[in-house]
Structures are given as C-alpha cells and as structure tokens.
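The two complexes that follow have chain A in common; it is paired with chain B in the first and with chain C in the second.
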Partner chain A sequence: MSWLLALPAALFLFVFFVLPLLDNGMRSLVGGDGQLTLTRYSALLTDSFYLRVTAETILLSAGVTAICIVIGYPVAYVLVRKSGRWAGLIIFLLIAPLLTSIIMRTFGWQVLFARRGLVNNLLLDQLGLIEAPLRLTNSPGIAIAALVHVLVPYMVLSIATVLQSVDRRLEESAKILGAGRLRAFREITLPLSLDGIGTGAILVFMIANGSFVTLVLLGGGLQTLPLLIYQQFNTTRDFGMASAMSTLLLVVALSCLFLQLRLVRRRGA
Partner chain B sequence: MRARKRDWIDIGLVAFTVLFFTFMLAPIIVVVVVSFTSAGYVAFPIPGWSLKWFANIFAYQPFVGALKVSIGVAIAATLLSCLIGVPACLYLARSRRAWASAVMTFLLSPLSMPMIVIGFASLFFLSWLGIGITFTALLITHTVVCLPYVIRTVAGVYAGLPSAYEEAAAILGADPARVFWHVTLPLIRPGIMAGALFSFLTSFDNLPISYFFASASTGTLPVVMLSYLENQFDPTIAALSSLQLLMAVVALLIVDRVYGIDKMTVAA
Partner chain C sequence: MTKLDRRRFIGGATALAAGLGGMPHLARAQAKSITVTAFGGVWEEAVRKCFVAPFEAKTKAKANVSLGGPPQWLAQVEASPKKPPVDVLIMTPDLALTAAKAGLVDDFTVEKLPNLAKIPKELTDSVMGKGTLFDYGVGGITFNKNRVKNPPKSFAEFVDRVAKGEFVASVPSISYAVTPIMLIWAMAKAFGGGTENVDPFFKAMEKMKKNLVFWAGPNDFFNHLSSGEAELGIYFDGRTWNHFDSGATWIDFINPLEGGSLNGVAVQKPVNADPLAWDYINEVLDAKNQTLFAEIMNYGVTNTDVVYSDKLKPRITPWQQTQFPPYEEIAKVRNDWVNRWNREIGR
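Showing the complex of A and B:
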C-alpha cells in the first residue's frame, strides 16, 4: 500500500483546515490601514475588559472540569467495579445524551427552570414553599450545570477506560495487608487512575473552552471568549478583534492537544 | 463492623449513580414530554396530550427547508469523508513509520479545535476563494469535522485485522483492486458503517460552524432552531428535538449492532 492513499485526506485538511486558521491568524495582525499591528493582542493582554473575559473563560472551563472530575469519578468507579450486568445500560445512558442536540439540552434546562417549569411548579403547588414563581433562568448556576451535563460523559468514559486496566489484585493485596477500603482506594486505585482523570480533564477543558451555544441560550451573565467572538461577529462586527480572540483560543486548544499527546504517549510507553 | 461499613459505601455509590442519571436524563425527558403537550405554551407537567406540535414542525416552512439542507449536507459530507478517509486509513493504520502516526494525529486534530474558530476562520478564507456562503462551503467545513470520526473508526477496525487475508488473496493472484474490493472492503465495512453514522450525526447536529454559513437557502436545522428559539419559546422546538433524538437512538442501536459501543473510546 502506498503513502499516496493518505494524500487526499491530508491535502484536504491542509487546504481547508490549516490554511483558514493561518489566514485567520494573519488577519488578526493586519490593521484597518493594511499595516502589520499588534494592537489587538496588546488589548487582549492588557485591557481590563478582555483580561476579565479571558480569565472568566479559563476559570469557567477549569471549574466545569473540576466539577466533572468530582461527579464523574464515582460514576466511572461504579461502572467498572460494581455495575455487573448493568454495565451495558450505564454505557448506553452515558452515550445517548452525547447524541442529543445541544439545542435540545438547553431547551430542557429552560423547561426545568422556566416560570412554569418543573422546579417552580414543585416549589409552588406541590410543596407550597414559595408564593410566586421564582425567576430561575439566566443564572450562572444553571449555565454551569448545563455545561457539566454536556461534558461529564466524556470524563466518565475517560476515567472508566483507565480504571478498567487497573489490576484489582493490587487493591486486594493492600486490603489483605491490612489497609482499610478507603485507604486502599486512596493509596492504590486513585493514583493508578490519575491518567484517566488527566485525559478526561484535558478533553473536558478543551471542549468547555470552545462552547458557546449553552451560554448564548442560558445566559447567566457569563462572558467568555467564544461568546464574545459570536457577539462580535453578530453585532459589533469587529472582525479583527474576533480573529485575535480566535487565535488566542486556538493557542489554548493547541496546548491542550500537546498535553493530551504527551499523556497518551506516556501511557503507551 | 467492617462489613457494615462496606455496605454503606456501596449504598452511597449506587445512590449517587442513580442521582447522576436523574441529572443526566431529566432535561432530556422533560423535552420529550413537552413535545406531546396540548397546551399552547411550554409548561411542565403538561396539562394534556396532543400531537399538534409535531404537525406544527411541518407547517413552519423554514424548518422543512432547513431539514432538507441538513440532510443534504450530512450525506454529502459523510460520503466525501469516507471517500478520502478510508484510503488514508488503509495506509496509515498499518504503517510503522513515525511520520505516519504524525499524519494520523493531524487527521484527527480537527476534533480538538474549537468549532467556532474553525467556522469563523473558514468563512473568511472560503469567501476569499469565492465560495462564501454556499452549499459547497457547508460541505467543505462539515467534512473537516466529520473526517476524523470516519478515520478513527475505520483505522481502529483495520488496525485490528490480521493482514493474512489480504496476503492470501494476493498470493492467489488477485490484483490490488480485487483484493480491496473482495477482501479488505467487506472486512472493514462495520468500521465504515459506524464512522459514517457518527459523521452523519456530527454534521446533522453541528451549530458552531453552520452558523457562519447561514442564509435563506443554506440555513441548517440547528441554526434555524437557534434563531427560532431566540424569538419564540413554544413546544415546536421540543417536538423537533424529540424526532432528532429518536433518529440518534436508532443510529446508536445500529452502531452497537455492527460495531459494538464499547469500542467507541472517546479519548483520542
């Protein structure tokens, strides 16, 4: 088999994936007068508004990643160690939401927390805890919950993959030698599954960094780079600034990809 | 004492898992239920049952047009992805050269880039090439993100196959074209099927790229749904989403049949 077979795919991606991104980077460096300029990047790195947006993007992604680890680990543990004949069902339930549209899920959150949604109806009619419907939508909490909802399956599957390869006899040995169950977990299982947490964390962080549909529809006052690109394309039409922000987002994504490759390679070695 | 403590941990873990799946399924189930509401507004629980919102999908012309665009793009992008992706796998999955694994990483890399950046950058680049907001532009940009799915599944299947079958066919005198058609292709067909389905669903659900290429004749379903949702909040969107979910679940069951869900590792 000849290397020529791989040429069409590689060429296609070079022309329609690499070149547009390079072109975008170039456009972020050319000012309105056609001269090279770094003003947009200096604005991104010094202007307090842009600094706040960048910080918020990274904090939001990091926060969502942390929540996904805390929620996802126990589920991955149950899937690998406890599920038995339920494993197929659990995997199906994890993957099925990945195939629902992002619009459907955000719509679902709106239905749950709308003025006449499930939560208000429960509090108002069933429990009588409140007297008028609460205004629950448009809060950062719900936007974060919606992001976790989208991303946590990736975390569970990443952790479960590594957990599956951890030799259970190591944990058994620790217990036989007198370690309690929690201690065996803390000193044996958890350290051995760190790779899975790492892979999952990079994956979740990477996707969280680029997601904006959730924030467009659920708002919550969170202001992130992808949301700002969307707004600048839509309303302000400051394409140069949007290019610079895209390039910044791309650099973050490339760093994540690099980390991911190193992690995979280390596991392979 | 120790046995009792263990039980409590297990009960806690199971309870947590049940709670987790309640969280995962609640937003999806409420949408499915709301799509059958008889009310003229979005409320949960619903006052009665009706199918009128499903009928409403087809009464709203932009949805019908967008559905056609979405299906067209998804099929075309999937075909193109298979056409250029499968040959690449045939070489890369078996090659031991270092650069082959680098090319593989490159071919999978669009999965790791923020889609909004791909969409935004492509709009300006393709406009410069003279194919701005057209069906062709949608096809090209969707293929960029669909190709990795085809490559990952096909390469996964092909790498796991022993080369003995193809060698046997070649020794018995079959030329490379015949070997491919009669031996290789039937062996990798499950991978192609699964990759094509994932590719179709990825394209069909794509919003961050399609958004930049939307016009009256090139608006895909998610884009039209988003703009509908920004102005109206009624159960039509729920009905449409439920139909989409049905399609995805059927696709998933097919993938499981021909390929096995457990082989679909998410991490690259």
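Showing the complex of A and C:
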C-alpha cells in the first residue's frame, strides 16, 4: 500500500505537468485550419536561422556549464578540505547572489559595466588606460558572466556534497604507494567526485537552457529558443510555433541530460 | 467566565451559518464584482484612483484589478470565451483588432456608454467600433540632457548622428510588443516607406547597428539612460515625463519632426463579460476621470471635454499631430517584419 503515499504527488504531476505537456505537443501539431501538420517542426529542423538559434541555445548552456565546473570545482574543494571554521561564511557568500532578485542582479551588471559605468570610469578617467569607453554590456560575454554568477553556487554545492563523502584514506593510501598529490587527485579524488560534477552539470545546464530574464536584459545579440518562444507569445501571437519551439527545447534538454548521465556513469564506473 | 467548549462552539457556528443563509440578498450584494485589467506600477495606481474608485462609489459593486499585459488577457479570453476571466480588457490596438475580428468583444454604442459620444469617432473606428482608444502615448526621441546638449530633432537626424557614432541609442527590441508600430512602421514612414515597404527602416538600422543597444521593457530603457549605457533612444512621451516627475530631471523628450507614432490603449468588453463592465468602461471614458488619469500618467486622453493643466499642456501632443498607424494593415504584415528583424538584426 506504500504506493498510495506517492499518489498525491503523481496526481499533481499528471495534472500540472503531463497534461499541459501533451496539450502543448498537440498545439504544435495542429495548423490554423485545424488539420495535423508538421510544417512547424520542418521549419525548425531545416531552416538555417532556427538551426542556428538551437545551436546557440545548446552552446550557451554547455559553455556556462563548463565555466561553472572550472570555477566551481576548486571552490568546492577548498570549501570541503581547507575552509575549516570559514565554511559557513563561504557557503553564505556562495548563496548570497541567490538571495537578491534577478532583476536587481542584472541591473547591477549594467551599472558596473555600462559605457559610463564604474569599470569604464575607472579605466578611462581614473587610470587613463583606455581612450574611449569599452562596450562591455549588451554583449554575449556579459550575459555568460551573469549566468555563471547566478549558477555557480549550484555547481559548488553539488560537488561539495559528494567531495565530503569521499574517503580521504583512499587518497592517503595512493600517496603512501607513491602517487604525487596531482596524481592522487586525478586518479582518486576526481573520479570519485564525478557524481557531484554530473549533478551540478545537469542542474546548471537545465537552468541555463531555459534562462530568459538575464538574456533579455543583457543578451547583446544572443538568440536562444526561450527568447524566441517569448517573442511568439508576446509579439507575433503564433502559439503553435511557440509550442513547437518549446517541445524542441524540451527534447534538446532531455537529450543533453541523457548524454550527461551516460558520460558520468561511464567515467565513474 | 464563559467556557468555550466544543459543543458551544459547534452550536454557535451552526447558528451563524444559519443566520448568513437567511440573508442571501446581502451576501449577493457583497459578492457583486467584476474583474478589470491594468498594467503594473503607476498604471495600476492610476486605474484604481481614476476609474475603480468612482465605479465602486456609483455602483456599490467591487472592481478587482488583474495585473498583466494584453497578450495574456487576450489569450485568457480566447481560452474561455463563454466565461471570460476578465470583464474589461485594456489592449494595444493591434490586439484589440484581433479580438474584434474574432468576435470576442462587444460593439461600443452611445446607448451602452453615454460618454462614448465625447470620444472622437476615428478612435472608435480604428478598432472596428468594438472598443475605443481612451489614452495614448507618442513614440519619439527621449534623451539625457546632461549628455546630449543638442538633441536630434527628427528621425533622419537621429539615424545620421547615431550612425556616425556621436551617440549610442537605445531602441526597443523585437520582444517588446509595440516595436513593430513605434519603431519599424514609424521609422519606415519617416524615410518614405510604410506598411508595404519597410526597407528604409532596415537600411537605417544597418547604418546604426554598431551604436545601438536594445531595451526589452520600458524600465530597461530608463536603466540604459541612467547607467550611461546609452545617451538617447526611442521611447514614449508619458513615461519620459513620469521619470522626470520622479526626480530624473536630466531626462527630456522630443516629438520628431516627421511625427512620432500614436500608441493608443484601447478598452474593450468581452462578449460574455458581466454587464456591469459597461458602467466601469463609462467611467474610463468620463472627462473628469480621464483628466485625473492624464495628470497622473502624463499621457494624452481622448475625451474631447478634457482640459489639461498648465503643467501637462506642453507635454501632451494632440493625437491629430501624431502619425496614426494603420493598425489593421500592420497586423497583416507584422509577423513578416518580426521574421525579417530576427534574421537581419537578431535582437
């Protein structure tokens, strides 16, 4: 009878997740004349513009995930192995960006990096290092940096949780048997923490894949599927195309999730 | 002291329920309410003060305010036309036309709305008589006075000087619902094009592209100007003056020589909405209420009896002096424009 306990959650998911997904899928397949059609998917999968947007969406998410791993792993390592009594403070500093509104965070990036913002004023007026203000905002770089800023805590916390459970005696044994610190890390610690990297990568990739506000405000030329979906709803009112795009986005996300899980399991095995 | 035990509590609750059940008229009168719509921020405050308050005072009914935007409200009415979740719609003219053509909204007549007699007929005709424009803004050139001492007076001058790199300009992105009207059509028209030919607009954007940033929403534009990301841009007169009155005295607005586009806001009633909505809409069209609304919002209003204050007069461009967009024609080609923008401009 234990399955009864799961019934409310299953029912909730069915009504508010599965049914809307099915409705969304159907909407993407029904044309203006009420007949079934695949023209929207055909456009999304053959038109070079939509292919570029899909590729840009995947590359952005993958790039942000990779940067979060590179930044997040050392931070997680220090947090678990070296921070001692500072661990609480480091965790607070990590989570702090998540405590402020995303609009405020994004505006903060604008204030800092605007043409007449703090950084440009410093470089131009105070230090005299540049002759004209740099165009730092409204560029893909600033949007990626802002996404990493928001998402890196997810990566750090995922890796830290797994690193904490790694038995340090294994590393010590490797060192006793002649492995240097780097080799012990590469052959013992890193493989044992792959689960944490995998979990963090999935979280970061999924959130970046659907990110909207940061890209709307700082995107600077990036065109991703969430932005086009919003446009279909808000400007063109082509709900069928929006549904097809969101189904494509879901398939992309699930495919990447599947690949990541396969990769992590194989490497971790 | 009276002890409140379980039996007394149940007995008291039963008596209270029975008492309430015996007063159905009172319960119904208190429950009589409609749902009206408003944009967020100062818009909501103005709607509550100028329209909701007089409506509630006259009818003794309640008007709940639903915040959001026209695409969302229209989608809600489309999804449930027999029992629309909102009783009054506030729409951009192109969406008002969509609702009118789909038969989702009622005809406006003087019999239902006595104040409609004071609204210029062109403004009601522009949405097929199934609604009317009650307020409007003009899309023109807003600039930072501290950084732009000699602002461009026309769209042509704006494009030339931005293209030369004299300024960085902030213009609405294609994700903003009104961009096809306030930017694409307005600039195409200014350069000799129009609904049938928007090439001049895309040529102008190509010239300016190195010195453009894009705003996704009105507050975003203000952030661009206040943070120094841009010196000027294409924006609305009313919102400019709102920022000015809120302390941003460095901001100013120019209606371009070619004429900025009129961006009207239409009010409509869904077909099966509560008939009380007519009383509310009549308040929306009332001269006294509109005068107060204009004073708060800094936007032009449409009742011909409205007399603007001395502060407001120089700020409001009479709608006859604006470029009146052919909303119906624009609606037909809007999606092609958006598609072209995505491929050529990309933001």
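Operating definition for what follows: the second predicted complex is superposed on the first by the 237 of 269 C-alpha atoms of A that agree within 3 Å, B and C clash if a C-alpha of one lies under 4 Å from a C-alpha of the other, contacts with A are read in each partner's own complex, and residues count from 1 in each chain.
Just so it is clear, a contact is a pair of C-beta atoms (placed from the backbone, for glycine too) under 8 Å apart; a residue touches a chain by one contact, two chains touch by 3 or more.
Here the structure is a predicted model, which means the values were calculated and not measured.
Visitor: Taking chain A as the common reference for superposition, should the pair chain B and chain C be classed as clashing or as fitting?
Guide: clash
Visitor: Of the two partners chain B and chain C, indicate the one touching more residues belonging to chain A.
Guide: B
Visitor: Using the touch definition from the top, say if A:L217 reaches chain B (first), chain C (second), both or neither.
Guide: Both: A:L217 reaches chain B and chain C.
Visitor: One more residue to check, A:F49. First (chain B), second (chain C), both or neither?
Guide: Touch status of A:F49: second partner only.
Visitor: Under the stated touch criterion, which partner chain does A:K82 make contact with: chain B (first), chain C (second), both, or neither?
Guide: Once the two structures are laid over each other on A, A:K82 reaches chain B alone.
Visitor: Tell me which partner A:A96 touches in the superposition: chain B (first), chain C (second), both or neither.
Guide: Touch status of A:A96: first partner only.
Visitor: Return first, second, both or neither, reflecting whether A:N138 touches chain B, chain C, both chains, or no partner chain.
Guide: second
Visitor: Where does A:L228 make contact in the superposed view: on chain B (first), on chain C (second), on both, or on neither?
Guide: second
Visitor: Let me test your reading of the model: by the given contact rule, A:G117 touches which partner, first (chain B), second (chain C), both or neither?
Guide: Both partners, chain B and chain C.
Visitor: With both complexes overlaid on chain A, does A:L127 touch chain B (first), chain C (second), both or neither?
Guide: neither
Visitor: Tell me which partner A:L177 touches in the superposition: chain B (first), chain C (second), both or neither.
Guide: So A:L177 meets neither chain B nor chain C here.
Visitor: Counting clashing C-alpha atoms after the superposition, which of 98-106, 224-232 or 260-268 on chain B is the one that bumps into chain C?
Guide: Residues of chain B that run into chain C: 224-232.
Visitor: Would you please give the residues of chain A that touch chain B in one complex and also touch chain C in the other complex?
Guide: Residues common to the chain A contacts of chain C and of chain B are 107, 110-111, 114, 116-117, 216-217, 230, 233, 239, listed in rising order.
Visitor: Can you list the residues on chain A that touch chain C in the complex?
Guide: Of all residues in chain A, those touching chain C are 49, 107, 110-111, 114-117, 137-138, 216-217, 219-221, 223, 227-228, 230-231, 233-239.
Visitor: Write out the stretch or stretches of chain A touching chain B in their complex.
Guide: 1-3, 5-6, 8-10, 12-13, 16-17, 19-21, 23-24, 27, 71, 74-75, 77-78, 82, 88, 90-97, 99-105, 107-112, 114, 116-118, 121, 146, 149, 152-154, 157-158, 161, 180-182, 199-200, 203, 206, 209-210, 212-213, 216-217, 226, 229-230, 233, 239, 242-243, 246, 249-250, 253, 256-257, 260-261, 264
Visitor: For chain C, which residues are in contact with chain A within the complex?
Guide: So the residues of chain C touching chain A come out as 69, 71, 74-75, 95, 98, 168, 173-177, 179-180, 213-214, 216, 220, 223-224, 227-230, 334-335, 338, 342-343, 346-347.
Visitor: Which residues, counting only chain B, touch chain A once they are in their complex?
Guide: Against chain A, chain B makes touches at 2, 5-6, 9-10, 13-14, 16-17, 20-21, 23-28, 30-31, 34, 41-45, 83-85, 87-88, 90-92, 94-95, 100, 103, 105-107, 109-110, 112-118, 120-122, 124-126, 128, 140-141, 143-144, 147, 151, 201, 205, 207-208, 211-212, 222, 225-226, 229-230, 233, 237-238, 241-242, 244-245, 248-249, 251-252, 256, 261-262, 264-268.
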